[in-house]
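In what comes next, chain A is part of two complexes: it sits with chain B in the first one and with chain C in the second one.
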Partner chain A sequence: MTLTINGNAMDVPETVSSVSDLITHLELGSKRLVVEVNQEIIDKSMHAEQQLTNGDRVEIVHFVGGG
Partner chain B sequence: MSHNRYSRQTLFSPIGETGQEKLKQSHVLIVGAGALGTSISEILARAGVGKLSIVDRDYVEWSNLQRQQLYTEEDAQNRIPKAVSAERRLKQVNSEITIQGHVADVSVEEIERYITGVDLIIDATDNFETRMLLNDASQKYNVPWIYGGCTGSHGLTFTVIPEKTPCFACLLGAIPMSGETCDTVGIISPAVQMVTAHQATEAFKILVGDYDGLRNTLLFFDLWKNEQASIKVASMQKKECPSCGDSPSYPYLNKENQTRTAILCGRDTVQIRPPHMFERDLSTLKQKLQRLDGKVEANPFLINLSIDNQRMVIFKDGRVLVHGTKDITTAKSLYNRYIGG
Partner chain C sequence: MLKIGNYQFKSRLLLGTGKYENYHLQKKAVEVSETEVLTFAVRRMNIFDADQPNFLEMIDVDQYTLLPNTAGAKNAEEAVRIAKLAKASGLCDMIKVEVIGDQKTLLPDPIETYKASETLLEEGFIVLPYISDDVILAKRLQELGVHAVMPGASPIGSGQGILNPMNLQFIIEQATVPVIVDAGVGTPSDAAQAMELGADGVLLNTAVSGAKDPVKMSLAMKSAIEAGRLGYEAGRIPKKEYAVASSPTEGLSTVES
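The block that comes next holds the complex of A and B.
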């Protein structure tokens, strides 16, 4: 399916069906994240449950420490 | 004022003459004088913020010059503490305002001292532990702060207004493992400037009192990948948050939770802080170290000791940086061997 991630269209493989899958796919699993799907923040506890569908707008932000 | 130096800024109507006067009456604390800190302090100094306090624990190195805009080759050559060099340069930029540089590591004692009379704190640090400390101090003393972070070509920023927005702990949860903060992916200067452009604009809004104009989102960008996200995070505020919740305990202002040693981000360096603040007698120490079989270089602010293929930098405020190691035990044993106590 195709998702819009941080403003850019991205094709993700069949194996990605939940927010957790997407995080793994993007190799962000070890990071502190804020995830929003269609303008709704998805709490960390819901990442495995939250399913994604074609055309969803996803924002994924990871905290960085540099400065 | 006679030189009309702020005319282009007062023409900008959201600031105007009234806002300019408010900037002049403001005191901003900038924690960190690396890439973010040098960029934003130059913006705020040129804009005429009346008082700037800049705190930094480090000294200038060659690898800083690519993006840390207040420093020169001479600063790197002479290992001038960043807070000293930043103060010197900013005073040349704007002599009509008050600028104070402090060579110090910001921990509990320091933040409680420096926050007095401050209208706003700018985060220009390079680690999450200090940010959590700023976050707790912000809530306890009711002073807003603006988070900024960047690595590679991406960055993010968020403005924390006590009692109005979620705090940083609400957004972040716990401190990430050190491996995630001390990255080795480098940084390009535009990512720095993008973060400080947002931080400085939010700072202006706060200082002139335009709270309705604040962005109210967690902003993320990646300049190389052309990504952008701006997320409304109001719903992330937690009632049970130990920093901003109903019964806050400000855990990061508890001295027992503070580490006395820290691994500096991407530097292969361990910092050791003595348990209490004191002023080290550098000239006596220099004489003592010169009797060893090493090389001692000094400036008025620090001593650089090279010995046994190791290098240590000893600051007047008591801290020691042990270079060439990420191992705290190794660093401590070198500290005890050559400096003691």
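The block that comes next holds the complex of A and C.
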């Protein structure tokens, strides 16, 4: 399926069906991050349950240096 | 002690984490500052280069209270969204509400800042709005229930110091919540001046990260803030127009002629 991740269209393999799967696929498992799907924040405890569907808009954000 | 919401801090220096030359320098600067509060921004992760280092990975996060900002927000709605993303990290419940109303001066939009603060208080955040040195806005925000007000000394990153000490003093005099002077501090004397005026703390970033020697400047800022606070608590002498001798005027030994 195709997802829009941080504003970029991206094809992900069939094995990716949940937010957890996506994080693993992108090799971000060790990162402190926050995921939003279609403008709804997905709590970390829900990453495994939250299913992704074709066309979903996914935002993956983190903390960067700032004042 | 600096008390913000349920938090208590020994240090009155809040340190930004932006624009350091490298993480090694930054880590040292943070260490010598003895700060307990670090600010961060929330941004999209570069998922194609996720191995790039992140400062949060370099420090013991449990040792610090994280104060994410809503920088990048142009209205209340965007600020609330960023704040919620920050809180969902599970690392913090404090938020620096920063809604910029003008890109040239980077001055905060008072109306959108007020609206965002109102919503975020309802959502249970510890809310620290970054504002101009507007006395009435500070008053209105503290009536709303914010946990601290953070008036700017001068525009963000300008290093111009405290442009209107009188306004800052008025804000401090009427404050029922901590006043953190945020933005525009350039030198240790600026930070000391803020503390001497009675500010409860100083938040700065560029003054340290942009200094020729950020580690040394970090130490200088720590010392200046401590000195300024001590001076405020000690109580300064009133200013007088003419000189008043420090040495006794009586008992002067003179050569009679």
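Basically, the second predicted complex is superposed on the first by the 61 of 67 C-alpha atoms of A that agree within 3 Å, B and C clash if a C-alpha of one lies under 4 Å from a C-alpha of the other, contacts with A are read in each partner's own complex, and residues count from 1 in each chain.
Note that in this section a residue touches a chain if its C-beta (ideal position, glycine included) is under 8 Å from a C-beta of that chain, and two chains touch if they have at least 3 such contacts.
None of the values given here were measured: they were computed from a predicted structure.
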Which of chain B and chain C A:28 touches, first, second, both or neither: second
Which of chain B and chain C A:65 touches, first, second, both or neither: both
First (chain B), second (chain C), both or neither touched by A:48: neither
Touched partner set for A:36, first chain B, second chain C, both or neither: both
Shared chain A surface residues [contacts with chain B and with chain C]: 5-7, 31-32, 34, 36, 39, 41, 44, 59-61, 63-67
Interfacial residue positions of chain A with respect to chain C in the complex: 5-7, 26-28, 31-34, 36, 39, 41, 43-44, 59-67
Residues of chain C that touch chain A when the two form their complex: 16-20, 26, 39-45, 47, 50, 54-57, 66, 68-69, 71, 81, 84-86, 88-91, 156-157, 183, 203-206
Chain B partner contacts - residues on chain A that touch it in the complex: 5-8, 30-32, 34, 36, 39, 41, 44, 59-61, 63-67
Footprint of chain A on chain B - complex, ascending: 32, 34-37, 123-128, 131, 148-151, 154-156, 171-173, 176-177, 179-183, 187, 195, 218, 220, 222, 225-233, 235-236, 265-266
